[in-house]
Structure formats: C-alpha cells, structure tokens
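Chain IDs A, B and C follow the sequence of writing; residue 1 opens each chain.
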Amino acid sequence: MTLTRRDVFRSIGCGSIAAVAAAVPLAASSAKTKTDDLGLLYDATVCIGCKACVGACASANGLEPDTALSGGIWQMPTDLNPQTKNIISVYHSDDGTEASFMKRQCMHCVDPACASGCPFGALSKGKFGIVEWNGNLCIGCRFCEISCPFDVPRFEWAKFNPKIVKCELCRHRLANGSQPACTEVCPVGAVIFGTRAQLLQEAHRRIAAHPGKYYQDRVYGEHDLGGTQVIYLSHVPFAKLGLPETGDESPAHYGSKVHSVIYKGMAVPVMVYAGLAALMRRRFRIHEEEARAEEKKTGRQEQL
Amino acid sequence: MSVERWGHASPVGKPLVTAPFVFFSSLAVVALALSAKRLLGGLAFTGMNDDYAIGVWKTFNVMVLTALGSSALAVGLLTWVFNQKQFHVIMRASLSSSLLFYGTGMFALGFDVGRPWNFYNVLLPWRWNLHSALLEISVCMTSYVSIFLLYENLPQVLPEGWVRRIKPAYPYMVAMAFLLPIMHQSSLGSLMVLAGAKVHPLWQTQMLPAFYLMQAIICGFASMIILLMVTCLAWSRPMDVTLLGGLSRFMAWGSAGFVVLRFLDIMVRGQLALAFQLTWYAVLFHAENLFVLVPALVLFNERLRLSPRILFVTAVLTAIGGLTYRFSPTTFAFRYGKASIYFPSLGELLMCLGYIGLAVALFIVAARQFAILPDRIHD
Amino acid sequence: MSDPNHPTINQQLKRSGSSRRDFITLCGKLMVAAPFGLAITNFISPEAVAAVVGKARRPSVIWLHMQDCTGCTETLLRTSEPDLATLIFDVISLDYHETVMAASGADAEAALRDAMALNDGKYVLVVEGSIPTGEAGTYLKIAGRKGTDLLADVSAHAAAVIAIGSCASWGGIPSSGPNPTGAVGVDALVRNKPVVNLPGCPPNPYILLGTILEYATTGKLPKLDALGRPLFAYDRLIHDHCPRRAHFDAGRFATRFGDDGHRNGWCLYKLGCKGPVTHAPCSTRHFNEVVDAWPIGIGHPCFGCAEKSVGYTIPQFTLAPINDPKPTSMYPPITTPRGIVEAASAGTAGLVGGILLGAGYVAARKFPSSATAAAPPPSSEDVSDTGAES
C-alpha cells in the first residue's frame, strides 16, 4: 500500500506543531527571587580554612562525622557525602602562586535544576527560597544528582532507606531564630548570612571598596546559572574553585523550554490523541471488514 | 526456489527446554537472586557513584532496550497510521517483543530506584511536578506497559470469545499506545537536556527529544529485522525477505534523516569544529553517525536490500549505532573532561544481563506457545 | 558581726600578722585556676578578688583520709603562696587533718569531736581516698571506727562535702579491677547532700581552694556537671584544651618514646594518650607551680587518672576512642574523582561483547547472500545453537 496524501498531510501537521513549539521564551530563568530569600555570602579572600564550619555543620545537623578515611580520629571527608553537607577544600595553582580555600554546599539556586527535574517535587523551593528535600515524595531516582550543575545532592547508596542529603541552610535552626551553624561559628566572618538582596549589596560594597581585588570584580551567583542564593567572592578564577562558568541561563530553564511549550496545558498531546484516535477508528473499521472478507474466503481468522 | 511470503503467525511449538532456553533462564534466575540481595542491602554494591548516579539499569535496560522495544511503536505507526498493511503479519512479533523489553526494563528500573515505596505518588496527580521529564516518563511508561501495550498483546493469548469482547476499545487503546511512547521516548531525551553543560556539546541540544524519538523508531525497525531473522534462522522458519527488505527501506530513510538533522543541529549550534578535533568524543560522534548512515546508504539499493546477509548486517550495525547514540549522553558524553568514571560492578552487570535473559526466555516461551512469529500461509 | 571563734579571713590574717601580699598572690593563682565559672574570681584584678574573699568567714575544714595515698594532701602542701601555716590557719581553718596536725591518738580523736562540735553544720568536709565497702567495710578502721561509719557521722554534720582526688570521687586506684576491697567514691555513700567531686591523681590544689573559698564567700557550691564535678575546671576534655592539638589535627604523632616526633613535641595520641576521653583541667593548670609540669607537658601521654572507666582501667597504650571527631587540618582537593572499574565486571562485559560479535558473525554467514538462495524448505523444529538471540 502506498502512502496516501492524507497521511502525508497528517505528518506535516505534526511537524508544524513541533515547529511552533520550538519558539521559545527569551528569559534566562523561569523563576523570580522573593524579597525574603535567604542565602550566604562566602568571601574566599577572608576564609582561613579552619574548618570550624565543617564540624559545626555536622553537629548542628545531627550527622555522624565522616571519619572513614582517618580510621576514626578526624572528620575527614574528601567531598560532600551523606555525612557531610558542607566542606572546605583548597585550591593551589601549579606554580604555587595562587591559592584559595573553597566552601562547598548547596547553592540554593533561584531556579534549581534539581527541583525542576524531580518527578514528584521531593526537592522544592520552600520558605525563604531554601531548596528542601521531602522524604515522602522522593523515589530515589537520583535525577537531582544528574541535573545539579554544582554536583551537590548526595544519595545514601549503602542504606536500605536512602535519603538525599544536602545543605538546607539549617532551616531547623532558622525556625528557632538562630543562624545557620556555619555562619554562626565562622571566626572571621568568611561566610555570612542574610537575605540575598542584603548579601549582594554587601558583596558589591566590598568590590567597590577594593577595586581589582576580586576576580573580574564580580559576584558569582548574582546571575550565574539563573542566580543562586549562595554567592561567592574570590580573588582566583571561579572555575578554579570548581564553580561552573556556563552562562546565565539556569539549566532548569534550558531544560524545560521545549518541554513546557509542547506540554502546555496538555493541549498538544490531547490534539494528537484526538487525531490518532479518529484515524485509528477508521483504519480499524476497514481492517475488520477486510478481515471478515478474508475469513469468508479462506476460513482463516484474523490475527490482531 | 520460490520466494517466501509471510501470511499469518504461527507458534513455533515444542520442545520448550532447549540449551538456549536454559541459558537465558539461568541468567534470569541469577538476576532475580541478585535483585533480592539488592532489596535487602541497598545500592552500594553497584558501580554507581555520586558523579554517575545512573547506571546500566537506567541507561541500558531502560534507555537502550526500550529503543529496541519500540518496534510496537515503529511498526505500528507504519502499519496503522501510514497504512502499510503488509506489515500486519509482523505486528504480533513486534508487540510481544516490545512488551517484554519494556516490561523487563521497568522491572530493572524498579530495582534501580532507591525509594520505590514512594512510587505510589504516580497515582496522585496533585503531587506530579509537571516541569519534570522524568515525571512524564514515570506516568507514560508505566501506563503504557501496564495498560495499553499489554492490551495490544491480549489478542495473542486470549481465546476468541474474549478477543471479541475487548475489540471495541481497540482503536482508542492503540491510539494511546502510539501517543504514549512518542511522549516518553522523547522525554528520555529531555532528561539529559536538563543536565545542561554536563553533557558534551556534540550531544547536548534542544533536539535531544526529537533525536531520541527518531532513534527509538529506527532501532524499533532494526530490532524487528534482527529478531525476525534470528528466529527464522534458529527455528528454521521461512523468511520473507521482501517484507524485511521493505521494512529496512523505512529504517534507512529514518537513519538518513537522523544523520542529516544531527549535522544540521551541530552546525546551527556552532559546534561543527568540535566534530573535527582529534578527540575520542569526535570519534564517538562519527562512529554513531556512520554506524547508521552507511547501512542506510547500502539499503537504499533495492537489490542489496533483498540480500538476507546484508539485511542482517545492516540492521545490526544500525542497532549498534542507534543504541550507542542513546547511551552516550548519559555515560560517555556525561561529565566529559572530568576525572570520575563509571563502570558497572559485576553484580550490577549480571543483573542487567539477567533481565535481558528474562525477556528472551519469556519470548521463547511465548513464541513457542502462541501464534506470534510470522509464517508462510499453508494452504 | 564579729565572732572571735569564726573570724573573717581578713580579720584572721590581721590577727595572725600574716602577709596580705601572699594572700593576694593566692587570689591571683585562684584567678588562673578558675578564669571563669566562679563568682569569686569574676573580677579584673587579684586585689579585687582579695577584697571580696577576704570578707568571707574563714571556713572550717575537716579533712578525712580514707583508703588514700596522701597524694591529694601532698598536692595541697605544694602551694608556696601563702605558706602552709597561713594557708591552713588563716585562709582556711584546717581543724582536723591526720597528716599535718600535731595531735595523735586520743588527742586526735578529741580534736575531731571538738572540731565537729564547734562548727556543727558549718564545716566543709574534704574526703581523701576511697572508702572500702567490702566485708562490711572492715578493710578500713580508724580509731576502731569503720571508714563507712566515720564518713556517715562526719558528713551528716557538714555544710558541704568535697571529695578530693579520683579515689574519693569514684574509687580511684583501689577500685580498679578486681576491686578487692569494694572501694567506692564518697558520693556512693553520702546520698543526702551534694558532693563535689574533684577527680585527679592528684588534682591541682587551687581547684580545691577555689571550691572551698567560693562556698565560704558566696554560700553556694560552684556549678556541677552530672558527675558532680565543678564545670569551671572539668567541663573540657584534655584533648580539646591541649597545646599539642595542632599536631593531632595535622597528623603529626610520636610513635615511640624518644623518636623524632617525640623529641619535637608532637601529639602523643598514638602512644595511648587518654586526653580525648578525660575531663580534667591539667592542660592549663599545671602542677607543683612549675610551668608545663603535667604529663603531656613533660612528654608522657595522659593516662586519664581523673576519669572514671578510663584511669586505671584502660591500658596505657590502648588508643583512646575519639567520641567527637573534628576536622583534620589537612584539606581535600577541589574535586575528588570517583568510580572504579571492577576487573571481573570488565572481563564479563568484554566476554559478552565478544560472544555477541561472534554469534553475529556466525549468523551473518549462515544467511545466504542473495534472496533466491534464501528460505530453506520448512524442516523440523530443531533449534540450532547459534543462540536464539533477539
């Protein structure tokens, strides 16, 4: 049987729907900040690498310190892991002229990729813009680990009841009127706490007060990847500290541009189904007629 | 020698317990035993880590094998939507093989997720995150396998009276059985779009959903050709080369279209230069394209298309190329340039292979018992 | 009011003509021993402390020895300012002390009775040594009285009870396994009033003096922890207050006595230092009024003498558990690579790949190369074993 004209027009129709769907909105992020969004400002030029924040984070969050590598005597994680929501690492340049400490924890993105991809919204932006994990909705698919551009969420691989573990800005302490443990314990104020607006203001004040001190006179996280609530100042390139320099579009926005247009209101799928169902009904009726004729002629029943 | 033509499906018949069947069943038993162990012990025995949080079960048993299992979609669209009635005779084979590939893929997925007891949320629409491609896959793949594809397979196993009773719903169910895989096969591509810059620029594109869907259809054709040819060879059944050749023509068009679109996409995105640097990524990129393009060019020739050996080899090459394309963004091209690696552990690999063995063993049982595989008309 | 039998310390110092300067020096040493946590040292100068403490009534102290080595007495005698006489007559009134008092025999017994009568309900009882309870307490008899009875009697009329030293606090050396005398600490027997435990073997004497003078000045005992130890001295682990902690954090350990690490003053954890499990003030309040005169200071790992279940219980060279691990001073790099390739798995994958390729090759050869040579006639359903792959 050859293709009929009808079939060709049908396929062109589907193609044009796809073409319309490809017209995408221009904004770099699908989310907006709110005035009470809280965050952290980490100034790598102030940090002395004392790691008080690492120990304080573990005890404030009820985490067993990770002593596996040290044989039980020190808290010695090599990276974020299910027992370590916050870590201090160090960067040295090869020639030894540049060095910096780096504090790593959840960035509490303005438009988080993890929350965008999570099937049942186990990770979501809650009060104060904090990205929270809800164990009742999580199926442990680990899509958040795949999508996070900062490689933050950690999965408890060895547990029978595994959680996704990451910094949640000590929201249990915020509820009691305290600060996050890391900002409270930092002896030099390298990491400070406040609303995102306040912190951005402070960061720009520092840049203005010390021209040329900070890398590119720039606050990382102000616009990067759609904006983050944890922002960074540094004297060395941000890329050397492990921060991705991939532009101002949030992955959540990049990832849902096409998807959100095609599935908007489920209009396209419903239309396609309507078309397919109508077509199938006709095809099936003809198929049944032909099968009955065939059966009459040869005695063979149809095989559907 | 007369040229064989298929007219209807027939069971392969006994004996059931043969060496291959025992082999695949043993693989399946190993997988099931290891699955029980995974239930009790968590996922630490796998090779998955926080940098490569999805492993072979998701990237192979689901992403790759459901492409092979898309013959129900591919052949179904050809047969029903594009009215290529000659392929009705192989619909049963494509439906049952698709059901088994999808089913064992979902089974593997059930053991892959860490908190499967919360999956009931898929039944509660108010908890769905409509932005999420993975939600779309969860809902569509689950309903596809458990309702619509299953329904399509019922006429193969049910007695005549029951088939008559379920027929009225048939067109509506089949329409869903086309819509749903179109949605979730493309969403499998959308998954990696969210990973953004973590996927190598030669693969990362807004066209990923379209390309994954195209490859699903291409691989659906390829897997059908391979399946039919191998079963004919193994069980000494007549082989309809004309039909298979006709099917391969559609596969060739699909492959050619895919490669053209992929190059267009690279050029539009300004990444053409990357394809011609001396890196393993460029090699992989070209390999994926060549493995589908060269067979396609060969299959455009009608005479070559009717050579069984050529059909088989081109189908296998196409499948390899297509499956590699679907596999790359989650593994080879993921976190490119970084030091971490992923390779499945032995237990993980055995479970992956065992689930495939389960599908094969069940297919052998079904093909022997029911009229699934096409046969010539015996007058 | 001025009671000639119960003068204030100022009055007593004046009456005896003792050096006020020495008293002020003592107050300075109290400030060092108790930089926080005591009301009497919460001032900015020793003179200010002396002004307050001086107004207190000179406390009467009755000191009982039980199963002791007299080490805790010796530690008190190692105070140089003020001299011993001023200390035991003017600052406190040491009314009964078997080691230093002049009386003996019947006079001693009388001294105890008189001291108890004169200061009934007002004296501070200091107990040194553990009390044996085995064999109905007959392992210790002083003047024919069992230690348990003596303690019960004297503590009943005491205003405050202080157990000095590990033996009195929790049993000490005599109580270490198998504890043949059934030795126990004071607070196991004195249940009806608070007992201040000052464990240590011996403890720093200024801890004792600070406790006694706090009570005498304010009428209140210092804040105690759950084991009855004053928080101003026993709130921290040696490990958390140790001058060699930086070496611990950096992983610099002495592994044998006399090795380079030991000579360099590195951390003694690997030699069995019990600092991580011992609450004691030794690291900042040293002994014999000599700087660094404390075990770790002279290069010997702490053996946990002050801590029940540690001292005289855990062997010296057994490593102490770290119950609250803190970060090391070493740093991880910015990124840490993850993942390994299991050889068995790689081998299996290779094998499977090879089998598939081989089977594919064999199958391809079995297929005829042209259609007209295709399709063998229908034969029996033998399954060929090229593998029914699908």
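Here is the rule we go by: contacts are C-beta pairs under 8 Å (C-beta built on N, C-alpha and C of every residue); 3 or more make two chains touch, one makes a residue touch a chain.
Note that the structure is predicted; figures quoted are calculated from it, not measured.
Asks: Measuring between mean CA coordinates, which chain is farthest from chain B?
Replies: Checked the centroid distances; the maximum from chain B is C.
Asks: Which pairing of chains accounts for the highest number of C-beta contacts?
Replies: A-B
Asks: What whole-Å value do you get for the distance between chain B and chain C if each is reduced to the mean of its CA atoms?
Replies: Here chain B and chain C have centroids separated by 67 Å.
Asks: If you average the CA atoms of chain A and of chain C, how far apart do the two points sit, in angstrom?
Replies: 47
Asks: Using the average of all C-alpha atoms in each chain as its centre, how far is it in Å between chain A and chain B?
Replies: Taking the mean C-alpha position of each chain, the two centres sit 29 Å apart.
Asks: Can you list every residue of chain B that touches 2 or more other chains, as numbers and ranges?
Replies: Residues 49-51.
Asks: Tell me, which residues of chain C touch at least two other chains?
Replies: Residues 335 of chain C touch two or more partner chains.
Asks: Please set out, as single numbers or ranges, the residues of chain A touching at least two other chains.
Replies: Residues 79.
Asks: Considering only the defined contacts, which chain A positions touch chain B in the complex?
Replies: For this pair, the touching residues of chain A are 1, 3-4, 7, 10, 18, 22, 24, 79-81, 113, 115-121, 135-143, 145-147, 149, 151, 154-162, 244, 246-247, 251-252, 254-260, 263, 269, 272-273, 276-277, 279-281, 283-284, 287-288, 300-301, 303-304.
Asks: Which chain A residues qualify as touching chain C in the complex?
Replies: 49, 51, 54-55, 59, 65, 67, 70, 72-79, 87-91, 101-102, 240-242
Asks: Which part of chain C faces chain A closely enough to touch in the complex?
Replies: Residue list for chain C touching chain A: 248-249, 251, 269, 321-322, 324-336.
Asks: For chain B, which residues count as touching chain A in their complex?
Replies: Its residues touching chain A are 8-9, 40-44, 46, 48-51, 53-54, 80-86, 88-89, 91-92, 112-116, 118-119, 121-122, 127-136, 138, 155-156, 160, 163, 167, 170-172, 174-176, 178-179, 182-183, 187, 190-198, 206, 209-210, 330, 334, 371, 377.
Asks: Quick one: which bits of chain B touch chain C in the complex? Just the residue numbers, please.
Replies: Interface residues on chain B, with respect to chain C: 1-4, 12-14, 18-21, 23-24, 47, 49-52, 97, 223, 226-227, 229-231, 233-239, 241-242, 245, 306-313, 316, 338-346, 348-350, 353, 360, 363-364, 376.
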